[in-house]
Amino acid sequence: MNTFGNIFRLTTFGESHGPAIGGIIDGCPAGLSIDTSLVDAELKRRREGDTPSAHTTPRREPDQVEWLSGLLDGTTLGTPIAFLIRNLDHRPEDYDALRDCCRPGHADYTYWQKYGLRDYRGGGRASGRETASRVVGGAVAKMWLRTQGVTLQATRQGYSITCRVHGLPAGVGEPVFDRLNARLAYAALSIPSAMAFAMGEGVDDWRLSADDYPDQWVSHGQGETLTATNHCGGIQGGISNGMPVVFHVGFHPPVTRPDGMVCRCPDGTLKQVAPHGRHDSDHGARLPVIVESMAALAVADLLLTHAASHR
Amino acid sequence: MNTFGNIFRLTTFGESHGPAIGGIIDGCPAGLSIDTSLVDAELKRRREGDTPSAHTTPRREPDQVEWLSGLLDGTTLGTPIAFLIRNLDHRPEDYDALRDCCRPGHADYTYWQKYGLRDYRGGGRASGRETASRVVGGAVAKMWLRTQGVTLQATRQGYSITCRVHGLPAGVGEPVFDRLNARLAYAALSIPSAMAFAMGEGVDDWRLSADDYPDQWVSHGQGETLTATNHCGGIQGGISNGMPVVFHVGFHPPVTRPDGMVCRCPDGTLKQVAPHGRHDSDHGARLPVIVESMAALAVADLLLTHAASHR
Amino acid sequence: MNTFGNIFRLTTFGESHGPAIGGIIDGCPAGLSIDTSLVDAELKRRREGDTPSAHTTPRREPDQVEWLSGLLDGTTLGTPIAFLIRNLDHRPEDYDALRDCCRPGHADYTYWQKYGLRDYRGGGRASGRETASRVVGGAVAKMWLRTQGVTLQATRQGYSITCRVHGLPAGVGEPVFDRLNARLAYAALSIPSAMAFAMGEGVDDWRLSADDYPDQWVSHGQGETLTATNHCGGIQGGISNGMPVVFHVGFHPPVTRPDGMVCRCPDGTLKQVAPHGRHDSDHGARLPVIVESMAALAVADLLLTHAASHR
Amino acid sequence: MNTFGNIFRLTTFGESHGPAIGGIIDGCPAGLSIDTSLVDAELKRRREGDTPSAHTTPRREPDQVEWLSGLLDGTTLGTPIAFLIRNLDHRPEDYDALRDCCRPGHADYTYWQKYGLRDYRGGGRASGRETASRVVGGAVAKMWLRTQGVTLQATRQGYSITCRVHGLPAGVGEPVFDRLNARLAYAALSIPSAMAFAMGEGVDDWRLSADDYPDQWVSHGQGETLTATNHCGGIQGGISNGMPVVFHVGFHPPVTRPDGMVCRCPDGTLKQVAPHGRHDSDHGARLPVIVESMAALAVADLLLTHAASHR
């Protein structure tokens, strides 16, 4: 539900216009040094993208992280690490016009159908704002992964994000249902507006012919020189083989139209509404760090799971 | 690991050339009538595809299901339903040449790296044979879904499978991590040789422009007439909206080459091997029922989860 | 680990002398009215017991709960409900003498062995302070249970607490491993200093002879008049039968000795230490509400699980 | 539900008078040698007790285990290990008189209330027969534990079973909810007819005074010489300290009365019935191996969990 992972687990909370967002990281090994400035840098990437952009939302949240537990002198105790980020620059009155109706392309209708009520202020829990919690959790996962020699580096082309994981040893992934590629897809498709996923060095490598697809062995190759090509994206039979793990995530464009939208009222009638809320006109720039964060969480969790039984 | 689902749960077992494959279905509601001939029909679709084909493996397994528990006079008791299918037409000696080396494109190398040993006979647990257990579990899930008015109908184009879910009420899916689309991606990418996933009526609908993507409301629409288009594939904010749920799964081609393969020995040297094992030259025809089965498991599980708290 | 429950889930965080303790309640149905003054009342029972006592710790924490998410106008949204309680009256310097050594009967040694380091300030995560988070979670569970007609009323005799659950319908509990009595034992034994558990109207009812133990039916009885006696404590085959659910939890006495303790240094030598920390000389008075809270969490979770499949 | 454990997981199936009982062991590390004769010996202890008894049921089941997967040449592959035991000596017609009514003290009424129907033949899933699956799973867990230097040796006094775990290193247990004592209580209370649980060398050690309860350190002690006494039963703060882990489980007596019982009909009326089924007049002798099995499962699971993050 709101927890991701079996050993390295992130539980998040928070609505777009509630008092705060945040989370609890459980299962992070003890003795890890947490550099909070690295976490802040990741949150900055999420706000601004990797190159500053004119397209991100006018809403300005400083994203100040408050660390509540699990650390002593900057080192993890092995106990749950809780954090919060207060929502400061929120203007819930902006959404009064939406109180009764559902916008097209958003989650208003489905949340109303599921819960019988909804938080009409700015998308509530469905808002992209909750991804800030994932970035904090992912940042801690990345710090632990670095101690294991594993790094991540995502890039974008429009609304398609490519993510690479380097240094992951062979053997990570838990067949048959917790295959590494399955957990990565699960993690990626949980990101708001995520729609597509593909494994492989190239986004269409899986469409290669039977003659071209299989990656051939390199004589005496291992780790990142194991195979001559990497069409499988570093995963075979759901388990990492030591090559870079490469996958791609596709997102749909922002659905809030600045000119107004035709919304649906509870009785089924439609009405034109122009919301005042502040939104991204192009949120693509924010996505790479979010994809890396979810990948880091999935990889850290499976690396720990593998370590339990098969070191 | 080898269990999928939180309430409606399938745990599977079995290697390609071990005594049997099978599974345990836990959490199926009591009082459901199980028509075992329907299960047999699904297994037949898996063996032969939806139209008989010359491309499926020469290995002939009758796939006789033996039901071991959980049923009384053909009705579920609410207790675990265990089943097995014996492997009869297996020729492990076919694989003797492979005992020490790893084939390209298969899971031999990664299983060896993970477990320190591997079942060299026919792909072991990584073999597509284990999908028969998923088809049995999926068949039972489908029977329960039918009592709830939900049906599934997958079709294929080459190695791309499109699956539709009809009759699912709005409200199914558990934000933020167990979004319906995330669970479907998780389920799909766990299938052997699955590489890609996309939500949406069309496989590239997510690439539409911001003006074209959002599905507009139909005045007084609901259920399957809720919106004029279905680019989102029936899911918004990770929750079903009543429109058909539509997604696509892409698979890589079979990796066993009949002319032989260059395999990797434990010491890193390479050698040419021509395996005798019997394999699909084209397994695409078998995939629709497997995709439907995994989708049925994911949907049944989330429908029950939703029913727990929000009927 | 730090999460209890499958559907109604509480994840807690916080060390005795860290900035705050708190938790996230996930899976609470939407539409529930939360009366925060009831939560405060439960926390007061935890601080003071059901009748004010001279034996509780001189440490004074106001236990002010800050609600961070999941509520709109005092009603649950169905999204995670996060809360925190800041630790104000903590004097970590009191524990400087303990920095290097482990007290007998405490968790100092085992936390050090497990994590390789420990939070020496006041028991860290092992401290009874974290039970405040459970009381908050349990209070919310109780509010939901009340809407289902279920109430709890624990009483104590020394360090033995008896808890009764009234109004639970028959059918709650998930055989074979999530039997209601097993989940109650699991919940109870997770409380700091809990050592023993027993089902049954009387704490020794299970020791009755084979002639006396079975509860005989009352003609046309049901609910709380189903049987003439209640030796089984309202649970048969791990499932509630409609009679009051009755169980007992035994706790060991406080282990902090005011006159000082012989502690163990890392090298195995022993030394006498007199800690300044403030502790309960008799914490028995605080236990009933903690036992009720854990029972409420277990019962709410299983009631929701039962509702998923079998209403 | 019907799965116990997070990493080392046992899922069981089977009713008393269905075709078979059995289970799937998932998460057992690869490379473990399975001596199936040891498993058979454990099942024999369950049938006959540790000293042959005149009190066990006249029903004679040979308990022949059929191993279906997960093993190659007697060594675990790291994949799921499935097994079954066919029910041969079952006489379901013995239970015809019970078809419509519920016996006192049994689970007939509660299963009927929960599922809307029940398997009236011999107790169905509530029968003690399903514990045979737990003994097989526990036997495999014990084999793995032995490779880690951990052994178990349970003894009985009437219906009170005492279990000791030797050789468990310090550090095992996952605070706060998966404390080792909590998982042991959870495991124990899931056993049919289990009613009580207590930690400690003596069953009433928790009732000692505050002066007598704390176990004092032995100078330079460690492992099984760490403390002078063991009132805490080897667990502090929910984590093992290296001393023997000692706990006690109490069971109610058999509830089937040979002279007949007053049963409850669906309409609430009562009638006298004398079942023909074959039952234990005293099942205490069978309990030690069942308690050891559940303890082995809990301990193996937590030892692996600890190894994931903190070796």
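List of remarks:
Note that the chains are named A, B, C and D in the order they appear, and that numbering of residues resets to 1 at the start of each chain.
The rule is simple: contacts are C-beta pairs under 8 Å (C-beta built on N, C-alpha and C of every residue); 3 or more make two chains touch, one makes a residue touch a chain.
Everything numeric here is computed off the predicted structure, so don't read it as measured data.
The interface of A-C is repeated, with over half of its contact pairs matching by residue number, by B-D among A-B, B-D or A-D. Of the two chain pairs examined here, B-C and C-D, it is C-D that is joined by more C-beta pairs in contact. Subunit D has its Cα centroid 25 Å from the Cα centroid of subunit C. Rounded to whole angstrom units, the spacing between the C-alpha centres of subunit B and subunit C is 41. Taken residue by residue, subunit A touches two or more other chains at 1-3, 12, 27, 30, 78-79, 114-116, 125, 175, 310, whereas all remaining positions touch fewer. Note for the complex: subunit A touches subunit B at residues 1-4, 12, 102, 104-107, 109-111, 113-116, 125-126, 130, 159, 169-179, 181-190, 192, 194-200, 205-211, 213-217, 219-222, 226-227, 231-233, 235-242, 250-255, 257, 261-264, 268-270, 306, 310. Remark: subunit D residues 6-7, 27, 29-30, 78-79, 175, 304-305, 307-311 touch subunit A in the complex. Here subunit C touches subunit A in the complex through residues 1-3, 9, 11-15, 18-24, 26-27, 30-31, 66-72, 75, 77-82, 84, 114-119, 124-125, going by the rule given at the top.
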